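Chains here go by letter, A, B, C, D and E, matching the order in which they are written, and residues are numbered from 1 within each.
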Amino acid sequence: MKSLPELEFGCLESTLVSNANLLSIKSLSVSFGGLKALSNVNLELNENEVVGLIGPNGAGKTTFFNALSGLTEVESGTLSINGKSHKWPKPHQLIDLGISRTLQGVGLFPELSVLENVMIGDNKSSKSGLISGALGLSLKDEKKLRQRALTALERVYASGIADQRADSLPYPVTKRVAIARALVSEPKVLLLDEPAGGLGAQDIEWMNSLIHNLATQCSVILVEHHMDVVMSVCDRLYVLNFGEVISSGDVEKVRRDPAVVEAYLGVNN
Amino acid sequence: MTLIVEGLTIDHGAIRAINNVSFKVPQGQLAAIIGANGAGKTTLLRTLSGLKDATSGSASWNGVSILGKRAEDLARSGIMHVSDGKSVIAELSVKDNLALTGLWQKDKKAVTEATNEVIELFPILGQRLSQSAGSLSGGERQMLAIGRALIARPKLLLLDEPSLGLAPLIVEQIFQTIKSFVKKMDLTVVLVEQNAMGALKIADEGIVLNLGSVVAVDSAEKLLNDPAVRSAYLGF
Amino acid sequence: MSKQVSTKKRTLLFVAFGWVLLLLGDRVGDLELYQGSFVATYALAITSIILLTGYSGQLSLGQSALMAVGAYAGALTIFNAGLHPIIGLFMAALVAGVFGLILGLIAARLSGPYLAGTTLALAISLPTLANQFPILGAEEGIVFDVGLPPARFGEDFSQYKWFFWISALASLIMVWFIANLLSTKYGRTFRALRDNPIAAELSGINVGRLKVTAFAISSGVAGLSGGLLVMLISGVSPSAFPLSLSFALLGGAVVTGLYNLKGVILGGLVLVAIPEIADSLVSRIGGSEGFITTLPGFLVSALLILAVVFTPNGPGHLIKRHHKK
Amino acid sequence: MIRQFALPTWGSKMTEFITAILTSLSSGAIYALMALAIVLVWRSTRVINFAQAGQAVLTTYIGYTVIQRTGSYWLALVVAVISGAIIGAVIDRFFMRPIFKRVKSGPIVMIAPVVATLGLLGIIQAIIGFIWGLTNQSIEAPVSTGGYKVMGKVIAFSSYNLLVLVAVAIAMLLLTILFQRTNIGLALRASAYSPEIARLSGIKVDAVRTLGWAIAGASGGLAGMLYIPGYFLYPNAMDLLLVFGFVAAVIGGLESLFGAVAGAMILGFAINFSTTYISQKLFFPTAFIVLVLVLLIKPSGLFAAKKSRGA
Amino acid sequence: AQAATPGVTASEIKLGISSPLTGSAGLSYGKVPGAMKAYFSYINANGGVYGRKINLISRDDKYLPTLAATQTTNLVLKDNVFALVGALGTATHSKAYKAAALAKNNVPDLFINTGFSGFTDKTKYPTTFMVLPTYAMEAKVIAKAIKDNFPGQATFLVAQDDEFGSDGVAGFKTAGHTFSAAPILYPQGSMTAARAEAALTALGATPGKPVVVLFGTTDVTATILKAAEKLALTTKFTWYAGSVGADANTLLALGVKPTTIDGVITASFMPDAKDMTDPYVQQFADINAKYNKGITFDNYVLAAMNSAMLTVQALRAAGKDLTRAGVISAIENKGANFASAGLVPLGYSPTSRIGYNGYWVAQLNAKGEAKPYGGKLVIYSTDSGAGAVSVSTFVRPTMPKNGIPTNS
């Protein structure tokens, strides 16, 4: 496993605490103009844990991901990883923290091949500079990266389509490729935004088991509206409503929480 | 007023997405089209709404052929298509998005009424009226897209995965809404869904597509209880 | 994106192509050599557009200004500093690259029409500055002289052949660099940020920095082609870099197909040949004076439009599509 | 020997300043004429229309011919505006629509319209040269071009300047109302941003886009008929104006008509003040400098639409 | 020997011209090739040059250096012309000259249409012959005329900011003339109505009747005069328009009022194209009517035909055995005596490549006719260097019969 380059970031203020959470977010708030999209959200994630983040539409789930990944400005709140506190990253620094994410849309690069799409996910490992690139000397790095990308594709059972253009893929496959792209950098934390959205029953099942598998190697924060998936893969849940955590804890407890039933699940679920 | 599709075949270049498909949806009925990803559901709807050309076959609504007509003309004649993928215009405000289907309607009072109904249905839209649609959450966009179609008071509503990305409670609510609209407005609906269970529950009739061909047409109730369909599309 | 050509294969291909050009150079006349030099130069300029627009998705209407920067840098190096022409051409690329870097830093946040507007404004304002600095030689400009061909090439080795060797070689080497660059990590990342900047950013790509990088490299390439261009007209002056040059190159890039380098020669060829053909066509048809003077412009423009309408993705795409069927 | 004159200082600083303001206003108004036309096409089809310079000149030639025949400027203005609309519509129908049928995604979407409209510009200019010949013509202004007399001094502002200024303001207001307050405006915007969704909503996108081109063509016709009397008429007469109009439109954020006029005024003031107070040589560089300064502060111009969220 | 000379056969002499036909510069100068062709057709119809017909090949360079270079190279390498005539522009022609290797191939570069003094450098441009006096000469003559006629008045210069203006500025300096304020140098294309108004407002505050020298193209002269009309300053100044920017027909076509043009002083070396009493003018106008149908006869046409006539004499002077070197030496040795419409002496010699060596001072009237200033034709002659401006007694050679040269 690749060592994380996290030491580059914010080491100075780090306070080492043993047994700390892998990821810990404290009192995160985000506003858009007058709209409070997140207020004082706390979230913790342990190693090899799958945490579900659920809530009604517009509750702030994607905003939470956006804040964590630097796409949205954070109003207040702290972020620490393995007990060390970090600045909120810029989007392109997210990977350096050992975190990678998928987008609520699929967000593949349509005109790139599947393999290239996945290779982009760990672009940083290829150290080739401009000059070596221009002289065609960066082939070794490229080869290694290609190998890693193929491995990541294998993990989502998509290595057979490596050379196809991303925009020629059936929808369920694009979802797999997106996950492979997030995996290739071997993150510690994976943020999945509605991975089962738009999938059919069989693919959902498949996604289920994939997420289960992933949890053996990293931790996952999952945003999802498919309750079957959420209930079967998550260890713990956080429920957002109007930007606030209205309930959290293990799956069964949350599921029976009347506040959650009323705001989100409805009586039929 | 019946939607009649006969021997319809549609290609994407070399790929045959819909192969010799026939079905009927009588007025006031809700037909659910289910099928795995890539079965051709979206392609079928895009052809019915005039966005895509068919290769062969026929389709008519109210006795008039709808193939080869322009999307905007079909829309004005009461065929509303809510395409998949949160079809809102990100750069326009929520209010303007809702106004699009009212632009060409003569009866402005009815438009206002319909708009108010939609806002009642999706209150969150009411709170976001002046915000740009691009700043909405995924689910909010879906609501906006459906709301916009409803304002046109359609006669035939083509819905492509309306439940996509919506919270369970809202899904429930939207399905119920659609059903109530069918009754209230004598609306005919073709509902394409991955959420086969939810769709079949409210549908009168179910059409199962597989790799571009119809594999089963039956009343929704029967399909729900058909073990083959259950195992293939409902996941249990 | 079919199978990629390996670097070794590409190198061989370039060497072989260079060899063919060398042989060809001995078999054609001075005029063809001179036109061939323009083809090479324009092909290089089009390369800079393909890199910038086709790959990194940024639209510049000011490539002519960047070429001018390279041209002046080269001319000053050779004429004023008295250095070797090779250093002059090198400086043309380097100085334009640095200029592009600075401009890129300013324009990094701009996209689409905003970048287009900024570069357009640059294209009209930069050349007029040349008149303000006596060292730049005003309208008559500075001589850009690569000197006579070395004596050992013999008496028959004309100035035009020398031009052709220099421009073809410089262009080949530069395009080879760029092709290498684009075939691996950089090409991939450029296209990624073009297709979906947010997803690229989340994959750890510093989109802002990469856009600037693309701008700088593209400027460098444009600068070199600017240097070559003024070599061919043996001197640099502001009016050699009108806005219409930028526009013509965009047209060439469209004809070439924006997405790969394979057709750049074709783009260069079209820029040189079409006006030529239009001219001779018109003189053959004859007609009234007004007709003869206005028709070439009409024909060139009409061809441009036809190219956009019928092969907006370049003839390469057409051919590929036919293969598939 | 020639005696040396120091320019008199009495009040001349003040005169200089007032003149700079007046000339800024009149050149700003001229840039605004073109900026409006550019923004109109951009708003209704997302195309930077470089052919606008040719369209406007062509309609002005048509106006010129009308003046030759009838002697009436006002009739010519009407004819020019109408023919501008027709030419705009024809261009959309027969050139832009086929192009957009074929060009759908990728960077080519940015470039193809640029190249196509440039090609059109070439064609239009060739046609003008062929019909009217490659010589200069002039159109007499419909109102006095003599500067107003203020306190016994003639100032650099005439009824003609006032006419242009007022026409720009009225055009901006009417068009803004059309875009922001009417259904046509909403249809135009929707068709520009997302043709498919507009179609599905029952909007006749093709017709609406053609209408957008027609409106822009008409305002281009207006621009030509207002600009040329203060200048000359020849096939390339509005080329440079196109560049400045585009720069002004970008400064204004490309979306808003008010922004276009504001951008044009900013450009007019910047150019006239820098050339008056620093050096005439700054004429062209000022356009670049102002644009860069504005975009450094606001990368999408002064009055741009809000950006949509990323993820 | 004849077979070895490119572009010359027993029946034909091929000449080439690269000049702007389209674009902004084409507006004024687009007529030049056509007018030259018309004159050559006339000569061809009357026996040609020693039986050879002159075939002028014209290529459009749009006033762009790159095009000038390629078009001129085309003329030399593809069209195989014997000599070039009437090339236009400084930036364009300086590039074309080197790119087409005119020096190396000893291609005569005849009667170029620019007054840039750089072209007098025989080491750089060994085959080039200018026809216009240099801009510096014109400046010196204007300086002299101002000194003689408007002593004590304030003077101002508005000049295009390129070699055109800078040559002029240098000429005034040489003549010892200092302007009352720093010259207004404007980049080409920047003299808009607004800029002209601002400039004139500033100058308008000067007491007396200052002299304003306009050293630019005709469209700029028009812009400035129109600004003066607007500001009611037309009679405030004495206008002095340089020869390049004072074509009366063009000024009128550009909308300048006849009353404004009335009284504008300019310098010229040619007779006025409207002066039908001049035998040359009349002859050329006749030729124009016959061989250049539909084109109005103006100063541009006149000058072009004059250059064509010089060309025919140069070809004749080189003898029946036409060679490139022969033409060059013929002009060097006999060129000063060629018959031409010019009212000032021609200065060709083995050491000088400047054509006309001076100016007469003219004043336009409301009809746009150029009449001698003060009612009497005074010819000033000078050089591009430090030489003084002197009044010349030059009487031009009489026109060859019917305008068909018979020299040898």
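In the analysis below, contacts are C-beta pairs under 8 Å (C-beta built on N, C-alpha and C of every residue); 3 or more make two chains touch, one makes a residue touch a chain.
Just so it is clear, the model here is predicted, and its values are computed rather than measured.
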| item | value |
| --- | --- |
| Required steps from chain A to chain E (each step between touching chains, minimum) | 2 |
| Result of counting contacting C-beta pairs for C-D and A-B, higher pair | C-D |
| Centroid comparison with chain C (C-alpha atoms), farthest chain | B |
| Separation of chain A from chain C, taking each centre as the mean of its C-alpha atoms, in whole Å | 42 |
| Distance between chain centroids, defined by C-alpha means - chain B, chain C (Å) | 50 |
| Averaged-CA centre spacing for the pair chain E and chain C, given as whole angstrom | 37 |
| Distance from chain E to chain B - Cα centre to Cα centre, in angstrom | 76 |
| Sites on chain A at which at least two other chains make contact | 62, 71, 103-105, 107, 110-111 |
| Multi-partner residues of chain C (at least 2 other chains) | 128, 131, 198, 202, 259, 293-294, 297 |
| Junction residues of chain E, two or more chains touched | 21-22, 26, 30, 161, 187, 190 |
| In the complex, chain C residues that touch chain D | 53-54, 57, 59, 61, 106-107, 109-114, 116-118, 120-122, 124-126, 128-129, 131-132, 194, 198, 202, 243, 247, 250-251, 253-254, 258-259, 290-291, 293-295, 297-298, 300-302, 304-305, 307-310, 312-313 |
| Touch list for chain D against partner chain C, complex | 42, 48, 50, 95, 98-99, 102-103, 106-108, 110-112, 114-116, 118-123, 125-127, 129-130, 133-134, 240, 243, 246-247, 249-250, 254, 281, 283-288, 291-292, 295-296, 299-301, 310-311 |
| Chain A partner contacts - residues on chain B that touch it in the complex | 35-38, 84-85, 124, 135-140, 142-143, 161, 164-172, 194, 196, 232-235 |
| Chain E residues within the chain C interface of the complex | 21-22, 26, 30, 34, 59-60, 63-66, 69-70, 73-74, 77-78, 90-92, 94-96, 98-99, 101, 104, 116, 118, 161-164, 166, 187-188, 190, 295 |
| Interfacial residue positions of chain C with respect to chain E in the complex | 29-31, 34-35, 38, 128, 131, 138-141, 143, 159, 229, 232-235, 237-240, 242, 244-245, 276, 279, 289, 293-294, 296-297 |
